[in-house]
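Listed below are the structures to be examined.
Look for chain A in each of the two complexes below; its partner is chain B in the first and chain C in the second.
On to the complex of A and B.
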């Protein structure tokens, strides 16, 4: 099990290196740089722009820049933002917390709803409630999160019942303030993740219910509570554990868009801003971190599978 | 009390008593939105406009440009005098002025500030403004409250140099300056106590990605001001999101509203002020660089071709369809709102395809049986206009121009590129045929355009950084711009600049299109707002603004 775990960790590290290299290459080959906007300021001379580019090493050859970045990364330094003129880690720390708060809330809500309703729907398969839930999840599945988010922003702007964006009120913190600002973006992310999770939970539980060993357990007169907790749910868990890593990745990528729409101060707006501004090291760090979350989610799912399923442990 | 202070008090008093205007109320928070997060609080290194918007409220200049009259007004200076040869300026500083941390301000701070702006290690973009004719301005302390500025040559707009140069606290920045790290000072993570300015507000709180809050500077030089307790800047990424936050009552101001959003705001009873044409000019231009080896380059070099294109473009349609009537057609790059410098009697005129055809015929162009325009050697006239994909208005303009030029037989393609890719093509690789850009100098004075009009300028977009002028008319423009730079007499300068506009209208290196109006939206609770066509449009007089609870409105959600 340990060998398999270590193999997955090294595989993830290699993947991370590959992702960062491709992004670095793509960013460096893309025309333009951070100082292009300043170039259009008639009162800033070309010499000043050239000096600023030199200061940030933008005029150096690509391999040297990439080598330097990798070396600093190896020392735990993510580099320095050109735009903000400060270490990238200082900029990312509060935003990571905010992104994790939003995605963590949405992940909890969507899995709770999907598990509860998926099991309920599977237990009463083809009943009216099951059909209604399938219909609702179908509609949500077919609606892009951009549309849901835009409609909710419009509703908030016109009714004023909830804030149309941001994270905190005028006078700062407090759980209530945070909750009312979190509500709409979390609803959008939950609405986006729920249908996929619901359908998988429903299918996995339905299939478990029809396994021969379940029918045998029922015939032996095992109590319904024990039947569900010890037989049906563990049997349905494997595909759902695999889905966990995927759902984390989906939520993280969707949260970037939702954060931008709702002005949630997470990685999303910073990522977009650094992309448009060509703030290379900030963008690279945001990409590496997003990829790290994604890989961590998948690793987490892998380890849960190893822990849950003796067949996988044996094969490993 | 000085004469200026007395006049200001009288003005504010009368304003307070004016019918229909609410009496001044102290306290309260004004909430405005920024399109991006400020990148720094360091006046030396700020390049982006959100940083400048915030820094401008926290700092003060020696002499500022009044946003309404466009005349110089003293701020930290009490008065100034100019030597007869126009090369020496003596500035008398106000006394008893304190930074927002309570420390006194004097000539040493002025000396230090100019030293910091001029030092190459500071990487200050303002440094260019302080280099005149290749030499830096010399600053000398005469006594604790008198400073002398020596210019290498007479400089027409020397007094405007002081506008936008924040005076810095020597006691806080001297150490980092000596260590050569002043460019890294005053980032967004610097503790509040280590940042101080002379403006009406000082830093209270910064919440990454969400907002930045400024509080009243208790040591502000104008007694009793500012009236507001706080200004909160929310970071709201795009205009649609800003509109949503404004409509829901979360913000009080929209500093620059797009024309397309004006009907939405007005239909909801919001106040939108049309301040008039901005200093921004949108223009079409062709690639005239010597490196450009592309078919059709010889068309662009023909003046008659450019005249034909200009004559065929229906600027009124651009105003109506792109800006819903809230823009002004341009004959040259100088908007009519820039009254000191706009050429009288020059109008954009109406589109005339017939006149355009005459120009083309005179230059040897012909039309085939299908009405397509052919050059003298039988090649079809076809070219591509680049626009920025992030600017919907310019893309729409390009589409309308495509349609206008089709009427005279030209085949035009429109390509929208990501902004930086477009700038790269125009200014670095020169791989383009024609493009639409918008420039908007923050100052209406010709000196702010040296880089655009000098043939050696990096922003001489149609053919940048020439070693010597490629055409006689560019050589004449060079002479005009250099002359006006050192001419002290305003009327003489104006004549030189009018001649430049005349050449521009004749030669059409850039085909000016329209100037969008400055449109400002505000909630009913904001008072004393006097929007200007100069940046910053709304908060330039932040020290005079105040807020009241709006009648019939519940307390907005913040």
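On to the complex of A and C.
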């Protein structure tokens, strides 16, 4: 089991290296860099720009730049943002916290809802509710959240019931301010993640309900509580644990757009900004960090899978 | 329900693909005196209250709405009256016309993207399933990787390769490139499954023993089995990549002004000036949402029906 776990960790690290290298290559091959715009300014001479590019190491050949970037990454140094003239790590820290707060809330909400409602719908006590939930998830799945989120911002701005964007009120933070600012983006993200999760939970639980060993357990007179917690749910858990990693990817991806729409000061807006400005090191750091989240989430899902399923444990 | 959806989808496709015909004005035509106008009132009753031919009032006079006023135009009113069905934006451009033109471009981008994803997906899936071996495992690992990556980040990575400003062609090429990277894995995996099971069947062995070539086997015996699957996948990919196009233009990474884009129209909803001067703008935004919803909803329903009828 340990060997398998270690193998997965190394695999993830390799993948991280691959992703960051591809991004580095993409950014270096792309036309233009941060100082392109400065060149348009007549009061900045060509020598000044050349010197600036030297200072930030932009004039060196690609392999050397990449080597230097990797070396500093290994030392935990993410480089300097050219646009902000600050260490990247200092810029990213609060952004990461905010993104984690938003996606974490949405992740918790959507999984709680999907698990509760999915199990309830699969148990099949209430046909009407099952039908209704399936209908709702079908509608939510097809709803373009980009448009709905924009309309929500419009609604918030015109009615003033909820803040239309940002994270803090006039008088700074505080739990209440944070909660009302979090409400709209978290609801949109939850609504985006919920239908897929609900369908999978419902399917997995209803499949495990119809397994022969469940019927045998019922025939043996095992109490309903034990039946659910020790037989049905563990058997349904495997595909759902794998889904956890995937749901993280979609959530991270949609959170970028939602953050931009609601002006949530997370990684998303910074990412976009650095892409526009060609602020290479900031952009790379954002890519590496978001990939890190993703891989960490998938790794967690893998370890949970190992913990849950003795068959996988033995095979590994 | 299904028939209603089909009719709505076909109507939307016709309306958008023939945007220059159905739009009363060109997308970039400016009416400087008529900026930020609410929708033009089209009246169907005469002063006496009797129902009559629809007309528009301008400068105290009545102008009838004309059908086919000019070559290749369906609707219009004579000058000095205007026909702004959804009103005008801050440059005096007809929002209804821009909505149609924006739809045409998103539809085009989505169609091209779906086509490219299907072609790549079919080729990769067929090769993997038919040849097997290292090609199969390499294709499958690759598809797993691209399925697990977040789509928006992938999109931005491709975007980073391009110059900051892209034109109409560049913006659509971007959506197509996104489909080439992120759209192919799912069709490829499904096609591979069909090929894997088909190539072990006795009729394939018999055909091969009679001298059938690989190309013949694929086109004659296996392709008919995946055709329906490919259509279903295309139907799911189309709205997905229409939405990608809208998202890109919304984030300011696609085509910029002046041409109409749905993302650009949604962005303007976030400007305070629009809130102030154009309170009805939410309607256009919702309509964009409704169209995108219809395409996606119909595709989902279709996919479920196919699953139900094939599994039984």
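In this section, the second predicted complex is superposed on the first by the 313 of 316 C-alpha atoms of A that agree within 3 Å, B and C clash if a C-alpha of one lies under 4 Å from a C-alpha of the other, contacts with A are read in each partner's own complex, and residues count from 1 in each chain.
Following the convention adopted for this analysis, a contact is a pair of C-beta atoms (placed from the backbone, for glycine too) under 8 Å apart; a residue touches a chain by one contact, two chains touch by 3 or more.
None of the values given here were measured: they were computed from a predicted structure.
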* Structure fact -> So, after the overlay on chain A, do chain B and chain C clash or fit? They clash
* To do: Would you check which partner chain A:166 touches, where first means chain B only, second means chain C only, and both and neither mean what they say?
  => first
* To do: Check whether A:302 is in contact with chain B, with chain C, with both or with neither, and answer first, second, both or neither.
  => neither
* Identify the partner contact of A:30: answer first if only chain B is touched, second if only chain C is, both if each is, neither if none is. => both
* **Touched partner set for A:52, first chain B, second chain C, both or neither** => first
* To do: Look at A:130 in the shared chain and tell me whether it touches chain B only, chain C only, both, or neither; answer first, second, both or neither.
  => neither
* To do: Once the structures are superposed on A, label A:265 by its partner contacts, choosing first (chain B), second (chain C), both or neither.
  => first
* For A:43, is the partner it touches chain B (first), chain C (second), both, or none of the two (neither)? -> first
* Taking 44-52, 260-268, 458-466 or 530-538 from chain B, which overlaps chain C after aligning chain A? -> 260-268
* Overlap the chain B and chain C contact sets on chain A and report the shared residues. => 30-32, 153-154, 157-158, 260-261, 272, 276, 278
* Structure fact -> So, in the complex, the side of chain B touching chain A is made of residues 29, 31, 36-37, 39-40, 42, 45, 47-48, 120, 123, 125, 127-129, 183-184, 187-189, 205, 207-211, 232, 234-237, 241, 243-245, 247-250, 390, 418-421, 423-425, 427-429, 437, 439, 441, 448-452, 457-459, 465, 556-558
* Structure fact -> chain A contacts chain C in the complex at 15, 19, 22-23, 26-27, 29-32, 138-139, 141-144, 146-148, 150-151, 153-155, 157-158, 245-246, 249-250, 252-254, 256-257, 260-261, 271-272, 275-276, 278, 283, 287, 290, 294, 298
* Asked: Can you list the residues on chain A that touch chain B in the complex?
  -> 30-33, 35-46, 48-49, 51-52, 55, 83-86, 90-91, 94-95, 98, 153-154, 156-158, 160, 163-172, 260-261, 263-266, 269-270, 272-273, 276, 278
* chain C - residues contacting chain A, complex -> 145, 147-153, 156-164, 239, 243, 246-247, 250-253, 266, 269-270, 272, 275, 279, 281-282, 285-286, 288-289, 292-293, 296-297, 300-301
